[in-house]
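In what comes next, chain A is part of two complexes: it sits with chain B in the first one and with chain C in the second one.
Then we have the complex of A and B:
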């Protein structure tokens, strides 16, 4: 195995392990911290795929901003085991059925995936800032602008909802 | 010599220099505050008090180490480690000088030149907040928690204005690599001439990101005892305090690189042609110029700390969201218009 394969397996192991801890940890703070480790492992995968820009933005946006807000809220609420709300029995049953259906769908869609041949890397600089900028502001300009308007409207909505009680 | 060995030596040198500068920054802080308040300052340990940082360090080591019994032990230890680690990691992409040739090999006085250098800096800085948050929460103390929450909200708020100030800079320079930004300034004007407003915003945000006065809300003594490090003692407290001084050192270096030409000094090529010295000598002079700029900005940080009183918390948020953020957006807009009409973009 080459060194990048070793790194791949190591990162995958870390990502899966920390993702499992996110789900199984009793303390929500541990869940959040392990989710951050998962994000780092995935950013490492982006680096292996030569997508440096994506890796950096992934760290800045998810690990650096969104997870800080998660941690912030959980620390403020000071959640612990005693105050954790207990769901009703039938809600748990519905959740199990829904998750089982989702798993079936995923298995169904992945069936036959091993026959597919991954396309070779066309361009070695595929993840550089210059290339992504060219694509985003050239070929994909309209979707890019539309998605920014979507984000703006979400922001305005959030501000409106939080200000509603003040008036 | 092997390239890897050279890099390893460079890493060690920069690590040691960072430690030394941070060590003597604590001494300089006390001396500067003493001068500003018409006192003498520390002068007992060694000649002119020069061994004071050593004495402080020994004191930190010898203090009894307390871990509160109701705290979360692992996170309590991890907190200061993250704070110190992230502050060391930011120094990696900073170019300290030109290149030096020994024998036949030429190497740059920079650990690594990432082509996403600015994004790397930003990512590492945004990790720094976890050190404070985790430490503050794990202490299991109301004052620590409030300090941690203040720190995180303050750093997130000012990161936005800081990022927008950098976007205007990236527009004019057209690169995310710190080395390229510095090399573009080796002739002509430094970036401060093109981005004065961006510089001002970046400088204010740098104060907020390093938690320095007048933005030292997270450790506001009059309201929060010691803020996020109330429960910390001994070397773990030392880690937090040290991380602040390293952050200050690195921010000074980043400000020098972004807006003041980095290691370049005025008339360097003319001087080299006139005196006819080699590139190695030029590089050494450049390193000195870089450190001159960095030390000036460290002094500037201290100057501001002992001059301006602390903001109130709502004033801090107002400044970040209602003044700096719109100002940075207008700065981007004006930069774009000027670039369009001056024909540097089509």
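Then we have the complex of A and C:
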């Protein structure tokens, strides 16, 4: 096994394990912290796939911004182990079976994609900042600008919703 | 034919992202706390992002990674608005338990 295979298995193990802890942890704070670990493992996968730009953006946006937002909300809502509601046991069992079946279905339907991978020489430097910036400010300029409008409207909406009095 | 880069086959990435996605689905189904459900939705988004990056790498096409950038922008907007809505629900109902919020139930 090569070194990148070891790294792949390690990162996958960490990602899946901490994702499971996110779902099954009693305390919401543990869920958030394990979600951060999952995000770092996914960022590691991006590095492994040579997507340096996305790895950096992923860490900044998810681990840096979104998870801080989650932690703040949990802090303000004062959630802890005692206030945590639980579903009935048989509902959980049905959910596990349903999720397992969904997993089998998706894996079965995507498995054939490997045969479509072009056999030629693989381009090793896709995902560099230069190439992504080139695409983003060339072919995808309009979607890029529209996404800035989306972020602006989300900001306005969040500020409006969290005002004390809504009239 | 085994399509592999650095000895890691594309199928491994497909299986990994599917497992992460289904853990997210499972979380949405078995938890009642709205914030945890929200985090599981983020997990599902990330699983799809990972698969998109993997496909983009194995097919040698940058467009997939540009799409992931857009998905991240949408996810950030979604989290900001969603958490604001959650705060408002909590202020009115004093809970984040989704089974208490059943006023729309017929």
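Convention: the second predicted complex is superposed on the first by the 125 of 167 C-alpha atoms of A that agree within 3 Å, B and C clash if a C-alpha of one lies under 4 Å from a C-alpha of the other, contacts with A are read in each partner's own complex, and residues count from 1 in each chain.
Please note the rule applied: contacts are C-beta pairs under 8 Å (C-beta built on N, C-alpha and C of every residue); 3 or more make two chains touch, one makes a residue touch a chain.
This one's a predicted model, so the numbers in the text were calculated from it and none came from an experiment.
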Partner with the higher number of touched chain A residues, chain C or chain B: C
Partner chain in contact with A:36 - chain B first, chain C second, else both or neither: first
Touching partner for A:76 - first (chain B), second (chain C), both, neither: both
Which of chain B and chain C A:54 touches, first, second, both or neither: second
Touching partner for A:141 - first (chain B), second (chain C), both, neither: neither
Touched partner set for A:107, first chain B, second chain C, both or neither: second
Touched partner set for A:97, first chain B, second chain C, both or neither: neither
On chain A, positions contacted by chain B and by chain C: 53, 57, 65, 69, 76
Chain B-facing residues of chain A, complex: 29, 33, 36, 52-53, 56-57, 59-60, 63-65, 68-69, 71-72, 75-76, 128-129
Residues of chain C defined as touching chain A within the complex: 1-3, 5-16, 18-27, 29-33, 35-36, 38-40, 42-43, 46, 49-50, 53-63, 65-66, 68-70, 72-81, 83-88, 90, 96-97, 99
Chain C contact footprint on chain A (complex, rising order): 1-2, 4-5, 8, 12, 15-16, 19-20, 22-23, 28, 31-32, 35, 38-39, 42, 45-46, 48-51, 53-54, 57-58, 61-62, 65-66, 69-70, 73-74, 76-77, 79, 84-87, 91-92, 95-96, 98-100, 102-103, 106-107, 110-111, 113-115, 117-119, 122-123, 126-127, 131-132, 135-136, 139-140, 143-144, 147, 150-151, 153-155, 157-159, 161-162, 166
Complex contact set, residues of chain B against chain A: 72, 75, 114-116, 119-120, 122-123, 126-127, 129-130, 133-134, 137, 145, 148-149, 152-153, 156, 159, 176
